[in-house]
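There are two complexes below, and they share chain A, which is joined by chain B in the first and by chain C in the second.
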Partner chain A sequence: MSQLLTRVDRRAHIAILLLIAIAVLVPVLALATPPRSLFHLPPYLVALFGKYLCFALLAVALDLVWGYCGILSLGHGAFFALGGYCMGMYLMRQIGTRGVYADPILPDFMVFLNMKALPVTWWGFNHFPYALLMIVLVPGVLAFAFGWFAFRSRVTGVYLSIITQAMTYALLLAFFRNDMGFGGNNGLTDFKDILGFNVQSDATRAALFAITAIVLAATLLIAQLIVTSKFGKVLIAIRDAESRTRFIGYRVENYKLAVFTLSAVLAGIAGALYVPQVGIINPSEFAPTNSIEAVIWVAIGGRGTLVGGALGAVLVNWGKTYFTGALPEYWLFALGLLFILVTLFLPQGIVGLVSRRRTIPEAPRGGDVEEGKVDSADVPAAAR
Partner chain B sequence: MRVRNIAALLFLTFCLCTGLIANAHAQSFEEALAGFTTDEYSDTDKAITELAASGNPRAADIIGALQDGRLYFNTDAKKVYIKDKSDVPQDAATGTPASGVSADDLSPVRLNNRLRRTVDAALGGLTLLSNDPGRRFDAAQSVFKSREESALSALDTAIGKETDPRIKRALMEARAAILASKTDAAENVRLGAIETIRARGDQDALGLLSGIAAASEGPLRNAAQAGIGAIQAKLALWNNLQNVWYGLSLGSVLLLAAIGLAITFGVMGIINMAHGEMVMIGAYTTFVVQEYIRSHNPALFGMSLFIAIPLAFVVTGIIGIAIERSIIRFLYGRPLETLLATFGLSLILQQAVRTIFGANNREVGAPAFMSGTFDFGGLAITYGRMWIIAFAIIVFIALQLVLRLTPFGLRMRAVTQNRRMASAMGIDTNRIDALAFGLGSGIAGMAGVALSQIDNVSPNLGQSYIIDSFMVVVFGGVGNLWGTLVAAMTLGVANKFLEPFAGAVLGKIVLLIFIILFIQKRPRGLFALKGRAVEA
Partner chain C sequence: MDQATLTRSLLYLDGINVTFDGYKALRGLSLTLEPGEMRAIIGPNGAGKTTMMDVITGKTRPDEGDVYFGGSQDLTQLDEATIAELGIGRKFQKPTVFESHTVEDNILLALKAPRKAIATLFGRAAADQQSRIDRILETVRLSDHRDRFAADLSHGQKQWLEIGMLLAQDPKLLLVDEPVAGMTDSETAQTALLLKAIAEDHSVIVVEHDMDFVRELGVKVTVLHEGSVLAEGPLEAVSADPRVVEVYLGR
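Then we have the complex of A and B:
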C-alpha cells in the first residue's frame, strides 16, 4: 500500500486530500449551518460546484487519453452524454405516476408521442443497479467498438480527431429525432427522485456533491497509479514515439484501445453524476463544441498532469459562469482568446507554469510530434 | 354482341352530335341569354352551353361574371345584367350601363356544383380561341383536367386554327383526354386517344389512365394499363434524374465549402477549424454589398453578386493571411495545437459577427437571374442551383489552373513537396505559406457568396459546413483536388438518394457512419497519394 502511494506525486496528493476535505466540509457548511451564518453555503452554489466537479472528472478522463497517450478525442462529450442519458432514463422511470399524464410505465414524452409500449432500450432502467451497469457499459462498448476499428487500421492524429468529432455529431443528429425514443429535442427532464430521495432537496444535492468529489478523488488516485505503472509508461512511449514503440514489440493498438475505453467509461460516469445535479439531459450535450471545450480545459490546466485537467475544468467553467452573468457578449471572445493564447504561449498549461518555476521542465512537449520529425517541427504535415 | 354494341354507341353519338350542332345553330344569342332568367338549374345549364356555342364576343364576359357571382336577372323584363366592381348593373347583352334598373329588382343567377363545372368547361372552351398563346395553353390544360365533353367542338375548332406546335399538342392531348374517358366513343378512337395521353407521360396522364383502366375492360383496359406502366417507368427515370440533379446541387455546395479546405488542410496540412467562419464572412460580405447597393444605387442590384465575389475573396483572403502570420505559423508541425487555436479563432470570429450584425438571420436577396425555374424534360431546375453548380465548377477549374500554370502555383507545389529544397532554390517559403493560406480562405469567402443564396446568413452559417467539409476532404484523399471533387459529388448524390428511404437526418447519419468506417478501411481517402508523400 505504502509502495503504491509513493507513486502518487505531490500534486495529486494535495488534490485528493483537498477533494476529500470538501466532500466532508461542503455538505456540513450547506446543511448544518444556519442560513444567515457567514459560513453557510447556499444550495445553488453546491449544485454549481457539483457540476464543475463533473466537468473536472470528464477533463481527467480526457487527459488520460490525450495527455498520456496522444489521442486527441473530439468526441468525449458523446461518452459523457451517453452516461448522462443512462442516468436520465433511470430518473425518468422513477417519476412513475407523478408525470403530467400519470402513466405508471411510460414517461410523459412517450405518451405525448403516442407510443404504446416501452421501447426495448428502456427495459430494466427502473432498477438502479441495471442503470449503473449501463452507465459503464454503453460508453464503454461504444468506445471499444469505435477504438477497435480506428486503432487497428492505424487511424491516428488529426484523422482520429475528426472522426471522433463526426461520431459525436452523428449522435447529436440521432438524439434530436423523436423516434429514437430518448425524448428528442427536449431530452429528459423533470426528474423527481433518485433512490427514493428527492433530487431537488438540499440534502440530496449535498450528498451528490460529496459523491462526485469522492469519485473524482478516487479517479485521480487510480489514474495516477495507472500512468505511473508499466502500462502507463507504455502509453507515454506511444505518445512520444508510436512507431518506435511498435517496433520494440508492443501491440500499440491494444494499449490505445484499453485506455480509450477506460477513459470513455470515466466520461460516462461523469455524465451520470452530472444529470441529477443539473436536472436535465438533452441532445445539445452531444454538440461537437462541448467536446472541444473539454479539450481546452485540459489544455489550460496542463496536459499530461491529470490534476491540471481538473483544475482547468473548474477554472474555465467558473469563468464561464462569471462571464455569462456579467458580460454575456464577451464570453466567447474570452474563451476563444484562451484557446489561442494557451496553445501559443502556455503549452504546459497552468500546472506546467507552476512546476516550471519550481523545477526544470519535466513533461515532454507536444505528444503528436513523432520521432524523426522533431528536427523539422516547423514543417507542415503534408510537406514531410 | 360487341359489334352491335358499338353500332348502337355510334348511332347514339351521332344523334347527340347532330343534336348539339342543330341546337347551337337554331338558338340565337338572345334566346340563350333568356335561359338565365327562369331561375331553374337545368335552364341555366342549357343557357351556358348555348352561350358558349353562340360565338358571340360577349359570351366570355357573361360566363366569367356568372362564375364570379356578378350575373343578375330580372324576371319581369326577361333581361340579364352584369354588376361591375362598383355594383353598377350593366346590360349583359351589350355591356353598356343599364339605366333605370333598381338593384332591388335584380336577383343573382344561382349556381350549384354541377353548374360550376359546366361554367369552367365553357370558359375553357371560350379561352381556347383567345389571342394570347399563354391563355390558350392554360385553357387546353384545364380542359385536359376537367374533360368536359361540351368543350369538344371548341377544341376541334381550336386545333384547326392553332399554329404553335406546343399549344397544338396540348390541345390534342385535351381532346384525347375527353375522347378516352368518353364511354360512348368508338373503341379505336379511344385507343388512339390513350396513345396520345401515354405520350404526354406526366402525373396527370397517369391519373387519367388509372381512371380509365379501372372503369373499362378488354383491349381498352390493356392499353390503359400498358400506358400506365410506360408512364410510371418514365416518371421513375425522371425522378432518379431529378435526384441526381439535387445531389449534384448539394455536391456543388459541399465542393465550394470544401475546396478551400482542400488547399489549407489537404495541401498545406493545416487544420483550420475557422474555415467555416471564412465562408460565413463571405456571406456577410454579400449582405454588406447588397445593403450598400440598396441605399446608394438600387439599379446595380442585379450586379451585386458579381461585386461581392471578388470582394469576398479579397476580404477573407486578407483575414486568412493575417491569421497565418499571427497564429498558424507558430504552430506548424503541431496539428492538434493548430486545431485548438483555430477553433478558438472561430469562436472569436463568430462572436465578432454576432456583435456587429446581430444574432438573427440576415436577408440576402437573389438577383433576377438567380431566381425562377425552368423545365428540362421532366426536370424542374431552379436557376439559382444551376448557377451555383456552374460557379463551383468554374472555381474548381480556376484553382487547378492557378496551381498548374502560374508561377505562384508552381512555387506552392514545390513548397508542399519539399520545403527545404524549395527554400534552397530561393523560394520564400514563409511568403508562400501565407499566400496559400490566403488563397484557401479566399475561396471559402467566395463559397460564402454562393451559400448566401441558398442558406440562412447567420453567425452559425460556417459551423454547419465545417464537419461536412472535413468529411469531403478526408473522404476524397488529402492533397488531391480531384479527390475532393469526386468526394463532394458522391456524397451529395448519395445523400439525396438516401433521403427518400431514410429521411434527411437519418440519411446524413448513415453517411457519417459510412465515412467513419471508410476512413478505417482507407485511412488516406479515396485517391490516396502514393510513394514517399504517404509517409508524411
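Then we have the complex of A and C:
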C-alpha cells in the first residue's frame, strides 16, 4: 500500500487532500453557518462549483486518453451526456404521480406524446442500483464497441478525432427525435427527488457536491496509479511512437481500447453527477462544441498531468460564468484567445508553468555537439 | 528452394512479390539466413530493403511468396505484435525511441515480459528485471544516462538505446536498418563493435549504405537491386562484380 502511494506525485497529493477538505468544509459552511455569517456559502455557489467539479472529472477522463495515450477524442461529451441521461431517467421515474399528468408510471412527456406503455429502454430505471449499473455500462459499452472497430482498423490522429465528433453529432440528432423516447428536444427535467431526498434542497445539494469532490479525488488517485504503472508507461509509449510499441510486441489496439473504455465510464459518471446538480439533461449536451470545450480545458490546465485537466476545467468554467454574465457576446472570443495563447506560450498548460519536471518533452532540438550530420549516401564506397 | 533449406534456415524468403499502386517494390526476392548468421544487405535507394523488412515484420503482406521463420512459422499470416513475440526485433532507420520516457524505462518496456494489458496493469515486476536492464545498459554504453529522458540523448545515443531495446526483447533475429546513418566516425566504430558482440549470440540482418562500416563487420553481403537479389557473397567478391558496379555507378 505504502509502495503504491509513492507513485502519487506531490501535485496529485495536494489536489486529493484539497478535494477531501472541501468535501467536508463546503457542506459545513453551507449548512451549519448562519446566512449572515462571513463564512456562509450561498447555495447557488455550492451548485455552481459542484457543476465545475463534474466538468473537472470529465477533463481528467479526457486527459487519460488524450494526454497519456494520444487519442484526441472530440466526442467525450457523448459519454458524459449518456451517463447524464441514465441518471435523468432514474430521476424521472422518481417523480411518479407528482407530475403534471399524475401518471404513476409514465413521465409527463410520454403522456403528452400519447405513449401507452413504458419503452423497454426505461425498464428498471426506477431502481437506483440498476441506474448506477447503466451509468457505467451504457457509455462503457458504446466506447468499447466504437473503439473495437476504430482501433482495430488502426484509425488514428485526426481521422479518429473526426469520427468521435461524428459519433456525438449522430447521438445529438437521435436524441432530438421525440420517438427515441428520451424527451426529445426538451430532454428530462422537473426532477423531484433522489433516493428520497429533495434534489433542490440545500442539504442534498451540499451532499451531491461532497460526493462529486470525493469521486473526483478517488478518480485522480486511481488515474495516477494507472499512469505510473507499466500499463501507463505503455500508454505513453503509444503516444510517443505507436509503431515502435507494436514492433516490440504490444497489442496497441487492446491498450487503446482499455483506456478509452475506462475513460468513457469516468465521463459517464461525471455526467450522472452533473444532472441532479443542474436539474436538467437535454440533447444539447451532445453538441460537438461541448466536447471541444473539454479538450480546451485540458490543454489550458496542462495535458498529460491529470490534475491540470481538473484545474483547467474549474478555471475556464469559472471564467465562463463570469464572462457570460458580464460580457456574454465576448465569451467565445475570450476562450479562443485563451486557447491560442496557451498553445503558443504555455505548451504544458498552467500546471507546466508551476512544475519544472517535463511530462511531454518539446520537439527534439538538433545541434548537439556530438551529433554528426551525415546524409545517407546513395553511392557506397564498394563501388569506388 | 527445397524443404531441407527451409527447415535448416532461421529465416526463409522465397519468391516475394510486393506491389504498391502498380510499382513493384519487390520482385521475386529470395533469401535465406542461417541460425547465428550476421548478414549485411546493401543496395541503392528503392532497391526494396525497407519493404523486405516490412514483409518480415508483418507490416506489409506480400502479394506472392513464402516467408518462414525458424522453419515452421509462416510470417505472412501473423501481425506485428505476434512476430515480435516470436523473436524478431526491428530497429528503424530513423531512431525511434520513447522520447518522454527515461532511458531506463525505454529498456523496461522492451524487456521480454508479458505484454497483455492485464499483466502490465496488475502484474509484478520479474525479480531479475533490474539486473537485466543493467546488463543491457552496460552493453549499449548508456549506464550513465539511465535517468535522462530519451529525448535529450544525442543522435548516436538514441541509436544505441534502440539497439538496447532490441536486445531487451531477447530476439532470435535482429533487423537493423541503417544503424550508423548520421553517426560520427567514432560512434560508427563503436556501433560496429556493438553489433559484432550482439552477433555472437543472435542472428542479425543489417541494412547499411556505409561501405566502410560493412567492411568492418566482415560478413556475407547481399546486394538488392530493383526488388530482387543481384549478388551475394563476401564483400570483396560482391564489389568486384561488374553488375554491382553497374548498378551503383551506371546511374
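Side notes on the structure shown:
In the analysis below, the second predicted complex is superposed on the first by the 355 of 384 C-alpha atoms of A that agree within 3 Å, B and C clash if a C-alpha of one lies under 4 Å from a C-alpha of the other, contacts with A are read in each partner's own complex, and residues count from 1 in each chain.
In this text, a contact is a pair of C-beta atoms (placed from the backbone, for glycine too) under 8 Å apart; a residue touches a chain by one contact, two chains touch by 3 or more.
For clarity, every value in this text was computed on a predicted model and none was experimentally measured.
Of the two partner chains, neither chain B nor chain C is touched by A:R7. In the superposed model, A:R244 lies in contact with chain C only, and not with chain B.
In the overlay built on the shared chain, the residue A:H40 is in contact with neither chain B nor chain C. By the touch criterion defined above, A:K233 lies against chain C but remains apart from chain B after alignment on the C-alpha atoms of chain A. Once the two complexes are laid over each other on the shared chain, residue contacts for A:Y255 go to chain C alone; chain B is not touched.
Once the two complexes are laid over each other on the shared chain, residue contacts for A:K320 go to neither chain B nor chain C. Judged by the document's definition of touching, chain A residues 368, 373, 376-383 lie at the interface with chain B and also at the interface with chain C. In the complex of the two chains, the chain A residues touching chain B come out as 72, 149-150, 152-155, 157-159, 161-163, 165-167, 169-170, 173-174, 176-177, 288, 292, 295-296, 299, 329-330, 332-333, 335-340, 342-344, 347, 366, 368-369, 373, 376-384. Across the complex, chain A is touched by residues 266-271, 327, 330-341, 343-348, 350-352, 355, 415-420, 433, 467, 470-471, 474, 478-479, 505-506, 508-509, 512-513, 515-517, 519-521, 523, 533, 535-536 of chain B.
Residues 42, 44-45, 57, 59, 80-81, 84-85, 89-90, 92, 96-101, 105, 108-110, 115-117, 120-121, 123, 125, 149, 151-152, 154-156, 165, 169, 178, 181-185, 187, 209-212, 214-215, 235, 238-239, 244-245, 248-249 of chain C touch chain A in their complex.
Only residues 226, 229-231, 233-234, 236-237, 239-241, 243-252, 254-255, 258, 358-362, 364, 368, 370-374, 376-383 of chain A touch chain C when the two sit together in their complex.
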